[in-house]
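Both complexes below contain chain A, partnered by chain B and then by chain C.
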Partner chain A sequence: MNREFPMGRLGRHLTDTFLILIIVTVFTSLLLLLVGASPTEAFTHLISGSFGSWSKVARVLNVWVPLTLCSVGLVYAFRSGLWNIGVEGQMVLGAIGSAGVLRMGVESGHPLLLLSLALLAGALLGAAWALFAGWLKIRGGVHEIFAGLGLNFVAIGLVLWLIFGPWKRPGIASMSGTEPFPRDLWFPTLEGWRVSPFALALVILLILATAWILNRSRFGLNLKAVGHNPRAVVLFGLSSQRYMLIAILISGALAGLAGGLQVSGVYHRLIPAISSGYGYLGLLVVMLAGFRLAPIPFIALFFAALNVGSIQLPMMMQLDSSLSGVIQGACVLSALLVFGFRHLRRRGAAD
Partner chain B sequence: MQVELQQIHKRFGKNHALKGVDLKVEAGTIHGLVGENGAGKSTLMKILTGYLSRTQGRILLDGREMAEADPATAAKSGIGMLYQEPQDFPPLTVLENFMVGRDAEPDSDRDRQRQRLNDLAGGLHFQLDPALKLEKLTVGERQQLELLRLLGRGVQVLILDEPTTGISDRQKERLFGALHQIRDQGRTILLVSHKLEDVVALCDRVTVLRHGMVTGEAQAPFQVPRLLEMMFDKPPETDTRSEAAARGEPLLSFDQVSADGERTGLSECNLTIHRREVVGLAGLSGSGQGLFLRLAAALDKPARGKIRTLGNDLGNMGHREFRQAGGCFLPADRLEEGLIPGFTVQDHFALAHNCGMATAKVLAAEAISQFRIRGHPHTTAESLSGGNQQRLLLSLMPPDASLALLENPTRGLDMESARLVWEHLRRQFASRGAIVFSSAELDEILNIADRVLVFFDGRIVRDLPIGELDYQDVAAAMTGK
Partner chain C sequence: MNELPLTALLASVLATAAPLIIATLGETITEKAGVINLSLDGSLLLSAMIAFMVGFETGSFTLGFAAGAVTGAAIALLVGFFGIYLGQLQVAVGFALTLMCKDLAYFLGNPYSRLQGPQLISWKIPGLSEIPFFGPILFQQPLPVYMGLLLIPAVWWYFYRTSRGLELRAVGENPEACYTRGIDPRRKQILYIVIGGALVGLAGAAFSLGIKPGWGRPQGIEGLGWIALAIVIFGGWHPIRVALGAFLFAFLQVMGIVLQGIWTGIPAQVFQMAPFPLMILALVLINLLQYKGVQRWLEDKPGLALLVDKLRGAPPRALGKTFHPD
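The block that comes next holds the complex of A and B.
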């Protein structure tokens, strides 16, 4: 049916989105009423806090970049049937890689070359960290969820050790991170904007490339086959393990790139919470997107806006900013509800 | 219990699978339901057991109408089905499997239940050790347990789906004896099969389905040619063997090969298969023939010994290299191992031939007409019927393979389709290379193969050219006699 009517499928997705938003709004409003806050006020603050001015939009975009990169990377892993929970740690390792390169080149005099090298190092280190999790799964029989989760903690330990050990600030080590890099090693931004147009362009390019790779290329088809039935692809002459490793490798590289951009474009130093939990949030984004690529940029934008907008809440309404997390979680739960309902209905219709 | 189905219709979208089927089964009889693949046998039985809803029609049990049912209410009304694949729990013991899920008068006293199980088993001359783990049982024994479980639940209408697939002749005799006994207790038995020899041996009355309609009924004693006429548009011929050609150079050789796996493993296997040979692997399911094929296809590694395939030492080769050297393997598990659920027919061709979607679509359309697959290039694998999945699997085999290793290649196909498949396989592979196949049907092996290997308990106990073969001897060898 849907094959002949792409508009019908789009319509169904729009209806789903609408339904999810209604459920989330009702649920969040009830919760706010329960704690004695005005839902309208809270929602207004959320919106004005995220899109109220250009600088706020820039801040949203600064969250959008790493979140989208992590989410897009996760789609590769999910296509091959892997749960790359380790995306958080891969982002941290990417940040460490970039920071390492930038530290070495403080005196170099070739800032652009150094910045490119820093991003490359971020992607490579993120990929290596992911490969480690993939290798543990394939050679060691460790489930990738446990491997990834374990490596996340190792990554956090590593970053703390660096900040308080070898890379500590001259004089006193502190939770505020390493010594900031000199200004010429900051990623260039437009006048008055705190977001790098290069990072935005890079993300959009990567989304388009991913769309082609996953939906049009032979590699994408093979990857999907591995995810659907790893036992069968062997008989088609493909190595499911190789495809899984490549998928988790790409996933890690994109997360590492996100970490590198955080270091070189946003914080200009290595901080303990460099990943800001975007790896885990990326998992929610991908689930909400139904493991498909197309909705990811939009959902990531929505989630980024929630994160930035909720910063207002403690100041204006004495509400905790974790409301954004509540809304994001409610989105995923209601999406599962709506998708599940649709699945049941479709199965009922098939009988 | 008397069962009556009146004017049952079933539509799946545009597909009109059942077009007004009438079926009346008297209490205390064994009633056969025969027909080729896609005739509607399974659909009709799924409607009776409540797994599918009917588009139209009535079901009467002892003259009382049964409302639209789900599996639980159908089971409560006394309808039970013995599936082709046992629906049991391998990690549990025989007794635990017997007890699990008994809904009427729950009784968890193990001693009493053991007594019940032993009584029921004794009555039907089955020997089952209640303490044994199910994994240790043969398919035939698991089937016996399943039958006892249904009887323990007090089924009045027993439906059997191809019950003689994969069980030994002795188990088959036992089963038939038990079924006659169950019938004589006044219960109703419906036998779904395309094996006419079973139907003739067992049934009192037979209904034939073709393309979703009843094409005839017959009363025992049956005339097989008459039944075939009702089942098929023309009676199929059974022998597709052409003149035996001279065998060529060796393509596959096993030298003192032993391996672990399946139930029995494989021990000290020695043999050579040459170009232009068609070799049938006979044996009860799980006697080592599956493992033999997997070893030859480099999907499993031997513990000891040497395997040479297509001129290569298989030592460090994987299945990928095996394929590149011109081998191909067809697994018995279609959706588990052969096909990719969620992928369409054309996706499968893109994957198998490593080509673009446009080419894949053309290839898929060609295969659909050549292999008579009921579906479209954009139909997903899991929505094809079992027989059509098998056809898709066959159509995906690389056409230029010189060593075709096939596990139950005609599983789930009716005689006419099986004949077409074998014509194709012989034309495609036997002239240029070799075919090695296993089959649950001894008849198929005897009809098709030039050379037969008989497996028993992980060993090859007979290796004979077809000319020197004696049916009785092979059957005896399969059961270890």
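The block that comes next holds the complex of A and C.
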């Protein structure tokens, strides 16, 4: 199958990446010309806005952390054949869980213990929210896309209710969120670092663990069988429902952890837009990665850079910052186009 | 709203439901032919924006609506081409498009934010609009309302009373059989996803040019596309029940606005999300009806059993599965 690519699979992936980048660059340039903006200027702003200085790189990494966590979690769900579109709400629930624990312990003398508990609560609540979607799918017969999506909106309603109701700031409740937590309840970082090296290390550790679980452990192999080979499931006597539930549970736990880190490490309070859409964006990351784990950290870095780089577009060029979302979507569509033509050629060769 | 609360309430339910009916019937046509167009949330927004932009620049409603329909059809064509001819997952293409079209709408629509544009006014049907009570509800509405109402019997007629409608349903149920009978399922599916998409585009235009006039970030119709997709399932892929679902949702939405005025302490967004848990609940209930135990329990309750029978609906059997002529 790989005769035309001397370097085998890697060569094919590199060719694909190159093709995708060309299509996206041409598309984005045409779009910018259409609205009368200079493509070179826009691309320069995107690059300088994301990698132009250390503080900007730190901001990119701060987006990379939750985005990668959500995407890695999604790989588990996809392996079992589930579309966990509810990852967005699971992240929100994680944020609620962490914020709840941190609020309770404002007076306590063990900040580190409390932070660990907060992250744990975040992961647990995220997992519970995911389990709910999985349960609705398996027992209620509601397709996981609609169950997940419905729960996303419920999660957002819940955050707003908390911020304007029980957890409102003394005095006036507002969209700016809850009262910030005291400094000793912030997720630890190092002096002078704008992104916590501990959070980065945690994410890298979880990526490595996932690589091992998915490719080397019995659980990972069974999971793959459940998602992609219904016959093997019968043959080995696996319970596909159980594997689906475990997969979506892990997916939700990682998303919940991402939400907890946003609360304790980035915003230091609960805000209405706590998920920043990283759950939905994570779905695009995983699709662009062809549902594989290895490319995810790099694609997530690229997407995070686009998100951060586009922030200055409104100020510098009077363009809407949603350009980053257009580029991200264009990446996925071009990828599907390239995969699609490869599919056509294979079919043509098979005939 | 103070003088005639009930009339005004029902009239606004109808107006809220109309674009939703157009969009859900569009998606029903698409899914009945066996293809899922998951891009609805983005398509609605982008076609609303394009329709407003064209309406604003030309001052013509016809051109505005046409632009909306073309936008919706073009997005649907992409879903169809990627899914049917390039063998990609229809759900993946649709999801990527929904996010991308949303951002594209905000990006391209930026200069048109919060501008005073053309807005359809209510169109009183002479004579009929004078009927007390029913007149103001049914016959003093903007054009899209009449469009939506007429579309319901039209789609039903096409599905169940024409030979082309039979072919459409057959393609969604058993494309292999159609292929052997000399019908090309892929060409039919492309045709109907484009028609369905055009209707979604018209619905988008109906929002930005009439029901929720104007453009902005947010426009206010974000999330409705997902609701529309759920309503199609809720309605069991049957045009009349789908339309009833749209009415039900519109009623809930209008009630939300009314309740908001009563419980002022709760932020508006909480009411806006109320339909979603109800949607999940409705989908669970409909699924529960498929269980044998529930059916046995219903056997000695004839009235209820009849109602349940009307509620049940099975998806087209080939829905979302790409057909390959081999």
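Heads up, the rule we're going with is that the second predicted complex is superposed on the first by the 338 of 351 C-alpha atoms of A that agree within 3 Å, B and C clash if a C-alpha of one lies under 4 Å from a C-alpha of the other, contacts with A are read in each partner's own complex, and residues count from 1 in each chain.
Methods note: a contact is a pair of C-beta atoms (placed from the backbone, for glycine too) under 8 Å apart; a residue touches a chain by one contact, two chains touch by 3 or more.
Everything numeric here is computed off the predicted structure, so don't read it as measured data.
Once chain A of one complex is fitted onto chain A of the other, the partner contacts of A:V332 are limited to chain C, with no touch recorded for chain B. In the superposition on chain A, A:F153 makes contact with chain C only, not with chain B.
Of the two partner chains placed by the overlay, only chain B lies in contact with A:F236; chain C stays clear of it.
More residues of chain A lie in contact with C than with the other chain of the pair chain B and chain C.
By the document's definition of touching, neither partner reaches A:G290: not chain B, not chain C.
Judged by the touch definition given at the top, the superposed model places A:H228 against chain B, while chain C stays out of reach. Within the superposed three-chain model, A:P182 lies out of touch with both chain B and chain C [touch as defined at top]. Legend: residue contacts after superposition of the two complexes on their common chain; A:R218 is shown touching chain B, with no touch to chain C.
By the document's definition of touching, of the two partners only chain C reaches A:H343; chain B does not. Residues of chain A that touch chain C in their complex: 31, 35, 83, 85, 136, 140-143, 145-147, 149-151, 153-154, 156-157, 160-161, 164-165, 272, 280-281, 283-284, 287, 318-320, 322-326, 328-330, 332-333, 336-337, 339-341, 343-344, 347. Those residues of chain C that touch chain A in the complex are listed here as 38, 78, 82, 85-88, 91-93, 95-97, 99-104, 106-111, 217, 223, 226, 229-230, 233, 265-267, 269-270, 272-274, 276-277, 279-280, 283-284, 287-288, 290, 324.
For chain B in complex with chain A, the residues that touch the partner chain are 12, 52-53, 299, 318-320, 323-324, 329, 331, 336-343, 347, 350-352, 354, 356, 378. On the side of chain A, the complex with chain B involves touching residues 3, 218, 221-222, 224-225, 228-229, 231-239, 350-351.
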